[in-house]
Amino acid sequence: MMSPSYLDLRRRLTERDRSLREKVMSLTEAASLVKDGDTVGIGGSTLSRTPMAMIWALIRARRKTLTCARGITSSEGDWLLGSGACDRVVTSWFSQGIVWGISKVMRYYVESGAVRFDEWSHMAMGMRFKAGAMGVPFLPMRSMLGSDVMRQRPEAREMDCPFSGDRLLLVPALNPDVALIHVQRCDAYGNAQIDGLQFLDIDLAMAANRVILTTERIISNDQIRRAPDQTKIPFFAVEAVVEVPFGCAPHECSGAYEPVYEHMDYYTALVNNNPVDGMQEYLDRYVYGPASWVDYLNLLGLNALLDAARRGRSVSNA
Amino acid sequence: MMSPSYLDLRRRLTERDRSLREKVMSLTEAASLVKDGDTVGIGGSTLSRTPMAMIWALIRARRKTLTCARGITSSEGDWLLGSGACDRVVTSWFSQGIVWGISKVMRYYVESGAVRFDEWSHMAMGMRFKAGAMGVPFLPMRSMLGSDVMRQRPEAREMDCPFSGDRLLLVPALNPDVALIHVQRCDAYGNAQIDGLQFLDIDLAMAANRVILTTERIISNDQIRRAPDQTKIPFFAVEAVVEVPFGCAPHECSGAYEPVYEHMDYYTALVNNNPVDGMQEYLDRYVYGPASWVDYLNLLGLNALLDAARRGRSVSNA
Amino acid sequence: MPSTGDYTASELLAVMSSRLLEDGQIVFAGVGIPLLAATLAQGLHCPSLTILFEGGVIGPVIEPGKLPPSTNEQRCTIHANMVLGSTDVLLLLQRGYVDVGFMGGAQIDQHGNLNSSFIGDPARPKTRLPGTGGGNDIASLAQMIVAMKHEKRRFVENVDFVTSPGFLRGGNSRRDSGLPAGGMYRVVTDLGIFGFDDETKRMKILALHAGITVAQVQENTGFQLAAAPDMGVTEAPTDRELEFLRRLDPDRLYTA
Amino acid sequence: MPSTGDYTASELLAVMSSRLLEDGQIVFAGVGIPLLAATLAQGLHCPSLTILFEGGVIGPVIEPGKLPPSTNEQRCTIHANMVLGSTDVLLLLQRGYVDVGFMGGAQIDQHGNLNSSFIGDPARPKTRLPGTGGGNDIASLAQMIVAMKHEKRRFVENVDFVTSPGFLRGGNSRRDSGLPAGGMYRVVTDLGIFGFDDETKRMKILALHAGITVAQVQENTGFQLAAAPDMGVTEAPTDRELEFLRRLDPDRLYTA
């Protein structure tokens, strides 16, 4: 995570083919764009708009030594740690969600020293992606100061403001090698629309050297061009588009479905009971076992998915 | 324009009643919220979404010694200079628009030394509002360096980045006393939706100590709450809501109307021929003369307005 | 119909902290008790209170029985006035728009510092807790109300790790660290309501709940607590408050 | 049908600069000739060229006869792929997404510096020009193509005021000022096409339009211009190019 020079950062963009071209592919093909050791920015937050299908595909592709960065980390973080795909987490919070409490999987790997957990405040995570998106090496902010969270992060620097004399914290840009982002809809080129909560996703997309989009559905470029002020991520930031309905399950996708709570209950009970063997059982059965993401969804059960979709619609129609 | 301390800046927000309350008023009432000497941020850009009706009302209220800040300044800047309302402009560009060329009104007042023209790059204007919106005293950027634009702005400071060693320019936050912003629609509380080009308006709104919104139409709060991800300015930033159809004329409002080109032709010919007397004639006839904004619009002519609206719709339906 | 005295510790926390909010305020609320308490306040005595959520929500309407499981999910956005980016909503704290930050706490110390990162030595922690989330940002930039259970292991002299700053080492140490705004305002527990000394910034008892003694509080606190000279006794939750709460959280998601 | 040789200086500029663009590039284009030239390139030899406008537009489709009067108006947004904030679109330059910045120029000097701020001493200017707009940002952060009329008063040894940086004082002065990326790539005029020496960063003639001599160019230039050893002659605008241009701008808004 040594930050590259400004010219290197620019070069990584300009080396890519940024023309308006189709980039629809399978989860497996998209997974091959991520290399061992990459820094991976993960879109969404907690149980919302998590790119679960893409993470599932990365684990099946046996990726190793990834550094994973997300504003708020939830059970997708468990998967990444428990599978051995990720050995470093950069986040402000890591738990399975308030309903299920603290992640025993996170505790096992972090307390044993196998995985590094770099804690930043949520706003600091946001500022780091924003700095990355803006092409500047840092941004100034006014929190984390005085706390032990700051003391553990020598990567950030205190500064006395040359204008005001105020003490500020400068947080370094975070430019992931790749961002995984799930959206409600995008076109075949990667022009993406996002409904509801945006979290850190726009800055993350622009900070990353390339974006892998998964989407509930692919729409035509004509539809995008009819409402260009609704495009949130431009096509030239995007390297892959994968259509994956229910691509966030068992997490939620705003307006489409709420979390599959039954499965979250089952999952958390299993892995918290035994973070190693329980997780292995889960991975074997749900990640390595199924022939496809649709098969994974089948294991969750059509009834549970339709219920989650009914709840998701009722929320957005409230 | 000495920047206030961070605590003063916060105090100016917390002193305001920021509850969800109706704040619909007339142009005249809204104009009384602006004091002589205030720094006024102006929304929109060039001929687009310019809060013309509000500027018209400020001139009628005989405001003086305003400092006016806008990304790109056009004929509304002429009005402010020619009326004596404004004696300092902070902008990246001041012209009447490419079609009519350089503003003779601007030239007259700036070259004679009567008005100060602080030039920043367009991105610097954006960064200054963004810093103001974020509550930080500056933001770093990588342009203006090495140029005479920078040399004329000792308010900005060069810095060698403590992370990368890169030379950066730190531009100071700009927190206007008040922002004037025209939107397509908002509710009576000031929750605003903006279609099409956003320019610097969102950062400007959050940087300002208070916002005066003019709007093509007031919609219900229920309509706002049906699509909260379309709200671009939150009610608590807003101090006044004024419903003013054709509130940008003779400039344009995206999706509603294009510029009233005939009137722009007439206006620019008049004032460029004689920046003082021509402007006085224009102000007497079009600003001080009419009993109301609707009377101003009547002078532009219903036919011209309907034509501008027809062109505006045809663009958004293209 | 609930009868007075018949309520859980969580209900007591929610009611007591809701009373600290004032109409017209903008409150940055965490999930759980803070969310319940803010909604209760809005329903009963602060009709124009505005709630913000870290996920990126301004002014939602929380419907009874449809409590969101976190502040980052679509349920939080129902009938909201605005949905915006997480960074942008956190920046409202930094810009100075927020009157009150309102959170739960796992561990607090005499100066109001909160720990949600480590139990034990951070270098070799006994327990790795979830971390700060937006807690550090909220506590750094706003006046804080913290609602938490009063237990000796939670009320310690100095937290193992300052995740979210209170008054740091007391005195002016918070301001001198670069945090000129905000700070701990009130801690609400199932035993009483606590404030901080203007000079030393040490926690002190402002009021006790009916039937609670200073000795009881001290027994459950890992440091010496002074009592304000005008220490009072809180008024027990009213039927109206409890009824509202129970309609709001019929499944006792947060009030069990 | 236009016949070769029958075109205006503006048409010549548009055609010659359009040929410098390559397919797949992302071009940040100003209004006027740059917009015309980029659209012409897109229509004839760069089908997947992406145009950005300073107003906040990515990938618009410019319809013949409906040219926008500036890059800040709704006409610019027709059938675009994305509309975003002005700061955000300018930040794409800083992030490194843009291959070519493409502007007109009022005054340029031997090192490619542009002046659009002052004529005469900036302290007591004879003429206050409109200023930089996004020009400084584009020229600071991208490879530049500038299209302008070739006149002695516009091609000066050193501009009165560096509004938009070229190579500043030549050599490494641009890089040393904190501008490691971008720089002047080509200047296109009605007399020829110009580049910059790799070492000195002084302007040099790369090619002349048919019938133009070095002496003619020198006569219209306020500083000494070297000619590249392999100096060529440009191919005249083709009927296809001129037809496309005239369909695009039938009212000769930018090509009179």
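For reference, chains read A, B, C and D in written order, and residue numbers begin at 1 within each chain.
Here is the rule we use: a residue touches a chain if its C-beta (ideal position, glycine included) is under 8 Å from a C-beta of that chain, and two chains touch if they have at least 3 such contacts.
Source: prediction; values computed, not measured.
Engineer: Give me the set of chains touching subunit A intersected with the set touching subunit C.
Structural biologist: B
Engineer: Averaging over Cα atoms per chain, report the distance between subunit B and subunit C in Å.
Structural biologist: Centre-to-centre distance between subunit B and subunit C: 40 Å.
Engineer: Roughly how far is subunit C from subunit D, centre to centre by C-alpha average, rounded to an integer in Å?
Structural biologist: Between these chains, centre-to-centre, one finds 58 Å.
Engineer: Hey, how far is the Cα centre of subunit A from the one of subunit B, in Å?
Structural biologist: Once rounded, the distance between the two centres reads 38 Å.
Engineer: Mind pulling the residue numbers of subunit B that touch at least two other chains?
Structural biologist: Residues 6, 135-136, 141-142, 166, 168, 196-198, 229.
Engineer: Which parts of subunit C, given as residue numbers and ranges, touch two or more other chains?
Structural biologist: Residues 57, 77, 79, 83-84, 91, 94, 180 of subunit C touch two or more partner chains.
Engineer: What pattern do the touching chains form: line, ring, star, complete or other?
Structural biologist: Contact pattern: none of line, ring, star or complete.
Engineer: Mind giving me all the chain pairs that touch?
Structural biologist: A-B, A-C, A-D, B-C, B-D
Engineer: Which subunit D residues qualify as touching subunit B in the complex?
Structural biologist: 31-32, 54-57, 63, 66, 69-70, 72-79, 83-87, 90-91, 93-94, 117, 122, 125-137, 140-141, 161-165, 168, 173-174, 177-180, 253
Engineer: List the residues on subunit A that touch subunit C in their complex, please.
Structural biologist: Against subunit C, subunit A makes touches at 45-48, 71-72, 91-95, 97-99, 102-103, 106-107, 110-111, 117, 119, 121-124, 126-127, 129-130, 141-149, 152, 158, 166-169, 196-200, 202-203, 252, 254-255, 258-259, 312, 315-316, 318.
Engineer: Touching residues of subunit A toward subunit B in the complex: what are they?
Structural biologist: Residues in contact with subunit B: 3, 5-6, 135-142, 157, 159, 161-164, 166, 168, 170, 172, 195-198, 229.
Engineer: So in the complex, which bits of subunit B are touching subunit C?
Structural biologist: Touching subunit C: residues 6-7, 9-11, 13-14, 17-21, 133-136, 189, 191, 206, 221, 224-225, 228-229, 231, 234-237 of subunit B.
Engineer: Could you list, by residue number, the parts of subunit C that touch subunit B in their complex?
Structural biologist: Residues 23-24, 26, 48-50, 57-59, 61, 77, 79-84, 91, 94-97, 99, 180-181 of subunit C touch subunit B in their complex.
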